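Below, chain A partners chain B and then partners chain C, in two separate complexes.
Moving on, here comes the complex of A and B:
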């Protein structure tokens, strides 16, 4: 098990900086997921940790030992690629043992390690097939097996499930989670799929434009997003962000541009009357009108998406786009007006810069 | 019976279809005529050579109008070639020189191409462009300096002197580099992370994946070395070290009037090229196409 520290890590290509002054601590045995939109620098960060790219400045430490200039082959990390990266001219068995054979490991040791990987990943049936004769899921299993036989200190996964179909993705996700439980190694996983991030991670690192936006447990990231970007990035359907103004109306409220006023409660001290704020409303944080306790409003349904256990409704409130997620019992059609209310204790408030308004600000 | 307007549109469609079929058949015919003509242009000289080689001494090979089919075909000229020259020695020399030159070219070109395709280092592009730019220089331009170098190194009249100019060619480096560029980076990165060194990656990962390009280069090099006349003519004086083109040329010198013998010698000397091409045809064509599309 290995802890990883990034201190002031920068990566610049020509004149373009893709990773900015990044500090991050990854605990030993932790499963950490880098998530963010395309081009946010998550894969670059992974490659810097792997040693496949050189850092422009800053340091990378494994167990407090500086590995910044150590080549990839000496870092004792193994990587699973999105494209599997299996050697097409070798069988699955040869793929598994290739690295060990090349680095002069004893044959018995190779056989033992391969056998263990084969058992763990149930590869025995296709050991003698070449990658072209394997399905996507089987290929990815072999790729994970190849990482496994290296017995690395750190496992790196670069969007390993992106090329698989939905069903296979779910089962492989479970296998990777089980692998982490069994090995208890430090694992870093890059994905743009928020479901993968939420289900696999001990902690999630949300990245944007080469900077860390938030680091936290899946629960923290979802329930206490640090800013509008994180709030919007995590969760489906996407959180509703409505603009409003702070008003003193016999108490401090946010008057939304398109609907009712919402009391700010304990956050009142963090804002000035007249200030522009945003209110984040998770689609599942609304309830049918008759059960609603707080502000009520009416939504015009444009589009309905049935997702089994519930139904997502996409429509408009006033001029703003709005999304809600209701349980299966609710039946509405496009064109319907749905009256709903907000669960006020589950709302998120952000200042004009998009940063979360927190109690700490209130207390100061 | 369908109403008149439907019937007329049906007839219209049938008429158009039969017209389209006729047009496509005539296009196909034209295409084949052109292909046959082009094939004749290429294969014609070879067939003429074969015809000359198979004509007996009683036939006038310069008669007008010329006759393509020999009156009494004979293989006697082929037998006479073996009597007139140490043909097997020349053949063995050619095989030896071609085998070593092809092997060296495959190894050295792919070794040189690998870093140019897959590693980052200062001056990489300058080196590559310099290398490529040597392709525009004709051999005749470099002939004298090359000869001077070879003599100074004591390589004249040696097989090594014959082989070295073919042992690593700019074209070969270019072809292999383009081929390496098509291999996904992740394969190499994956091996690097497993602690495999660059030379092992080159041999175990990269080379097996560029077999078509290697086959293409092997055929190109073989044809080049096998048919090379000018460089062996300059560098080799010792007749026991002659390659086939020099031997056939000797045939023309010794029996200048007997073109039947020259033709028979030429036919014998190009048979290996045809055999090599036929064996590697599958790789050769796919490799050539790959280069054309991705290069």
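Moving on, here comes the complex of A and C:
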């Protein structure tokens, strides 16, 4: 069990800064997911923690002990790579034990650790095969097993499921979650897949351009995104962000550029009349017209996506693209006009810079 | 789109050149090896006489032995040492390409030049003797190329020196095909750099080692220029290799039939060695 703390960590390649002044506290036993678009610095951050890259400035602490200059081999971390990184000339069994054999562990100890990993990950059937004779999923289990036998303080996963097919990804995800429950180790997991992030994480760290945009539980990240970027990054179909202006129309409203006005209610104290704001509407925060209470509007359907439990409609409201997700079978066709209403208590308001307009500061 | 004969039409020019300059001479050499021919008189068929002569000729056995010794010493060195050289210059260091170029320089230098240069190095008043005397390792200068015990090894050094850079480049290509994550995994496990090289790099380079072993075996069996320039086969035929033997019989003695028979023998030996080499190093893991 190891806590990790980053203080003022920078990583610069040449003249290009990849990680900016990063501060982050990871509690012991926590499952942390770094998520963000490609080039956001999430893999670099992981590699800095692993010791595979040197920090340009700042400190990395494991359990309050500074490991900033400690070589990777001494940090007691294990990493699982997207490419599996199994040694192709060794069998699965040899891959599992290689690191321990090379660092002079006693044979009985190695045998015991390998056996445990084999049991946990059910590897016995292909222990004597080489990676080229294993499927992608089997390779990744061996790679996870190899991390396991190291008995590391911290597990690092660098997009481990990205090379697997969809079905396998779901089952491996469940397995990694189970592994965390069983081992209770600190785990850091990098992905660009928001579903992986939402399902696995105790806390999610959303990154963009080498900076942290938000740290929070999956619930917080989804329900209370700190800014437009986080709101747009999480959730499918993507959140609708509509531009509007604050108006005093016998009460404070946002008049959207493309449709009806939305009452600002409790938020009114945080904004001035005439200010530009944007409103975030999750596709599932709408309801068919007859149930709706607040603002209602009409959407022109362009195309329809069946997702089993519900139906996603992609279309336009006024000039803006708009997406809705209804938990019912398909009732509308492309070309139809759908009348829908908003669940006003589930709306997100952002200021002109894209920062969330919080409730607390605005309550009168 | 194309008529059926089109591929053959495209192949014809290359096949013609290979046919006239490679295949045809090989067939003619095979035919000459069954005859007595001195380039002036008409050749006449003598059956296996030339091969019988070979077997009974102590100079042929001497040359064969020298060539085999060459093979046994030079091939393992040229197959393994360049790996370490390649690992060394595979780092990302400022100016590393200068080192790569320097190591490759002997490869592009004419063997005649290399041979002459090393001949000077080996002279009794040459650099090597000077250094060894200064270090107190020698009391009096050694004529490295004129001493029977050292002459063949002195020539081998030149072959190794001039071939190293070439094989280094082959291994460099091999190294760059090894995924970085393999080393990173080992690094995280605390495996030392040296052990990474032994247990990851070398096994991963197996197909490249096979290639280098075959190429360098063939090269070792064909050694000629170094010998011709530096020792001319001497002293006491100590540096006479198979190709040098063929050259002597063909172009000094004009005994073409005999030289051809020796050439065919050389071909057979090289061929067998290459097959042996490839079998020894055959990669058992199927390609991904």
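Rule of thumb we're sticking to: the second predicted complex is superposed on the first by the 360 of 364 C-alpha atoms of A that agree within 3 Å, B and C clash if a C-alpha of one lies under 4 Å from a C-alpha of the other, contacts with A are read in each partner's own complex, and residues count from 1 in each chain.
Keep in mind that, in the parts below, a residue touches a chain if its C-beta (ideal position, glycine included) is under 8 Å from a C-beta of that chain, and two chains touch if they have at least 3 such contacts.
Bear in mind the structure is a predicted one, so any value in this text is a computation, not a measurement.
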Once the two structures are overlaid on chain A, check if chain B and chain C clash or fit side by side. clash
Which partner chains sit in contact with A:130 here, chain B, chain C, both or neither? Use first/second/both/neither. second
One more residue to check, A:13. First (chain B), second (chain C), both or neither? neither
Quick check on my understanding: which residues of chain A belong to both its chain B contact set and its chain C contact set? 50-52, 71-74, 77-79, 81, 83, 85, 87-89, 98-100, 102-103, 146, 150
Residue ranges of chain A touching chain B (in the complex, touch as defined): 50-52, 71-74, 77-79, 81, 83, 85, 87-89, 98-100, 102-103, 146, 150
What residues of chain B sit close enough to touch chain A in their complex? 184, 186-187, 189-197, 200, 204-205, 208-209
If you look only at chain C, which of its residues touch chain A in the complex? 179, 181-182, 184-192, 195, 199-200, 203-204, 206, 285-288
Residues of chain A defined as touching chain C within the complex: 50-52, 71-75, 77-79, 81, 83, 85, 87-89, 98-100, 102-103, 130-133, 146, 150
